[in-house]
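Here chain A shows up in two complexes: once beside chain B, once beside chain C.
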Partner chain A sequence: MNATLKINGQVREFAERLPATLAELLKTLHIDEATIVAELDGKIIPHAEFSTAVLRENASIELVRFVGGG
Partner chain B sequence: MAKTPCPFFELKNAVVGIAGLGGLGSNVAVALTRLRVGKLILADFDVVDESNLNRQNYFHDQIGRHKVDASLENLRRIDPEANLSGHKVRLTPDNIPQVFAGAHIIAECFDRADQKRMIVETVLSKMKDVIVVGVSGLAGYGRSNEIRTTRLSSRLVLIGDGVSGTGPGIPLTAGRVGVAAYHQANAITEILLNELGSILLRKES
Partner chain C sequence: MDKLIIAGKEFESRLFIGTGKFASNQIMAKAISASGTQMVTVALRRVDIDNPNDNLLAAIDRRKYLLLPNTSGARDAAEAVRLARLARAATGIAWIKLEVTPDPYYLLPDGEETLKAAAELVKDGFVVLPYINADPILAKKLQDIGTATVMPLAAPIGSNKGLKTRDAIEIIIEQAIVPVVVDAGLGAPSHAAEAMEMGADAVLVNTAVAAAADPVAAAQAFKLAVQAGRLAYLSGLAGQSKQANASSPLTGFLRNE
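Up next, the complex of A and B:
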């Protein structure tokens, strides 16, 4: 059975198991976590808590990525 | 000679924070001063460097001065009565709520991606009801129409093309940074008038 997450409104399937935490998800997606503002099920998760933010099946995640320049 | 009256008198009750006074912030501050936003809270720890003059609203004779002081001077040349407060501090998750206390909207005007993330995350998680207008993706030149204003949530507006970061061979240019800065100023204007207008008017009574 596949495990799924909803990321920025799109359903994404994971073949074996869900990434355990937000930090693991970002690592899987090859995204530098220092540049990400993340919302998990409607709640903003501070960067310092990414590695303890546990993902459950069908969790809804919004990721906003910042690139440098200003 | 009398000043041109501001067509939006409710804006005199608006408070906007500007986090970072580089290419984005120095130009957002100019636009909002010209709009007669009631109060601007400016924060930056840096000093004007010659390399800033290609896109930031400073002048050659201001090199070496704190950006906060140089901006205050420039903005008061536009409006001597502008209500401005300047903070020469390095913004952190701990001091952001105090520095920008009272702000209705905060403009994220930093340069580094991790700092942009830090302030947006801090405003959204620690400052109830405050809206943040951030920028991601403005490096290079041309492609003006790829810079977009997107309302991601009730409290987060994101401006930029989402992908063009600075890097080797990808400079920041006055035109494209300016496009993004004025998107920011225009988004802030729109929110103040269309969404916060009734709150700002109530302060009259």
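Up next, the complex of A and C:
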């Protein structure tokens, strides 16, 4: 059975099991956590709480970062 | 030159630089440096999960430049407030360039939604710099609810058309109790100088620098133009007249009459 998360609007499947925490998810995706901001189910998660933010099945996650803009 | 003060913070430079559309982060960093700016704008977007390692912030020295995130992409007040809160979580400071642009063709700001978002963000402790149409009534309403500046547009974003809203911006400047930053549409250093000569407190430029063949030289040209414009404003330029007024004496001519 696959486990799924909704990341940046896209459903993403994980074989076996979900990453347990936001920090683990970012590591799996090779994203440097210092460069991003995360929302979990509509709530902003401070960087200090990445390793304790538990992911549940079908959680909705937004990962955003700064890009060039005027 | 006299300092610009926004929300109690002092700036030597009156030129803000946008970081969009540069060919590379390296060229952007050089242009920012050449511009002499102390404030740069950035946008917030979803991470590309399949290509996660493009890091703009690595190219911007935050000890030298205040990061001013914008809410670009927001179509209404609720989206703008959400982006502002995400930006605050990212920067650790609560400065935000508020923009609400529901129309993708002209990217003109929605004044009603901007005012609504500004009220909520000011209440939440943000230093709000709102991007607006050159609307003197809206500018007054915004400064009255506590925005740190008003940022009227010269012309549509990225259009490079210059100070098309000159008369309305003059009224905004006359009535302002906060700094007036002319934003969007300034396509040449002469446009920036014109805005500064009429008493704008600062200007924000992005496309005209980023899309120039030599962005570093363009950045330097804007720097000089903004300085010249500010100095000219402070000098109290003499007024215009219809007829000529001789600069040389009208006596002692070498002729017999």
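Following the convention adopted for this analysis, the second predicted complex is superposed on the first by the 65 of 70 C-alpha atoms of A that agree within 3 Å, B and C clash if a C-alpha of one lies under 4 Å from a C-alpha of the other, contacts with A are read in each partner's own complex, and residues count from 1 in each chain.
As a convention for this text, contacts are C-beta pairs under 8 Å (C-beta built on N, C-alpha and C of every residue); 3 or more make two chains touch, one makes a residue touch a chain.
Because the structure is predicted, anything quoted here is derived from the model rather than measured.
**Student:** Look at A:Gly69 in the shared chain and tell me whether it touches chain B only, chain C only, both, or neither; answer first, second, both or neither.
**Tutor:** In the superposed model, A:Gly69 contacts both chain B and chain C.
**Student:** First (chain B), second (chain C), both or neither: which does A:Ile7 touch?
**Tutor:** second
**Student:** Output check: A:Pro46 vs chain B and chain C. Expected answer is one of first, second, both, neither. What do you get?
**Tutor:** A:Pro46 contacts both chain B and chain C.
**Student:** Taking the superposition on A as described, I'd like to know which of chain B and chain C A:Val37 touches: first, second, both or neither.
**Tutor:** In the superposed model, A:Val37 contacts both chain B and chain C.
**Student:** In this superposition, which partner touches a larger number of chain A residues, chain B or chain C?
**Tutor:** Result: the larger residue contact count on chain A belongs to C.
**Student:** Find the residues of chain A that appear in the contact set with chain B and again in the contact set with chain C.
**Tutor:** After superposing on chain A, chain A residues 32, 35-37, 39, 44, 46, 62, 64-70 contact both chain B and chain C.
**Student:** Chain A touches which residues of chain C in the complex?
**Tutor:** 18-22, 28, 41-47, 49, 52-57, 67, 69-70, 72, 85-87, 89-90, 157-158, 184, 204, 206-207, 210
**Student:** So in the complex, the part of chain A that touches chain C is made up of which residues?
**Tutor:** Of all residues in chain A, those touching chain C are 7-10, 12, 29-32, 35-37, 39, 44, 46, 62-70.
**Student:** Would you tell me which residues of chain B are touching chain A in their complex?
**Tutor:** 20, 22-25, 93, 109-114, 116-118, 120-121, 124-125, 134-139, 152-153, 156, 158, 160, 162-167, 172, 177
**Student:** Going by the contact rule at the top, pick out the chain A residues touching chain B in the complex.
**Tutor:** 32, 34-37, 39, 44, 46-47, 62, 64-70
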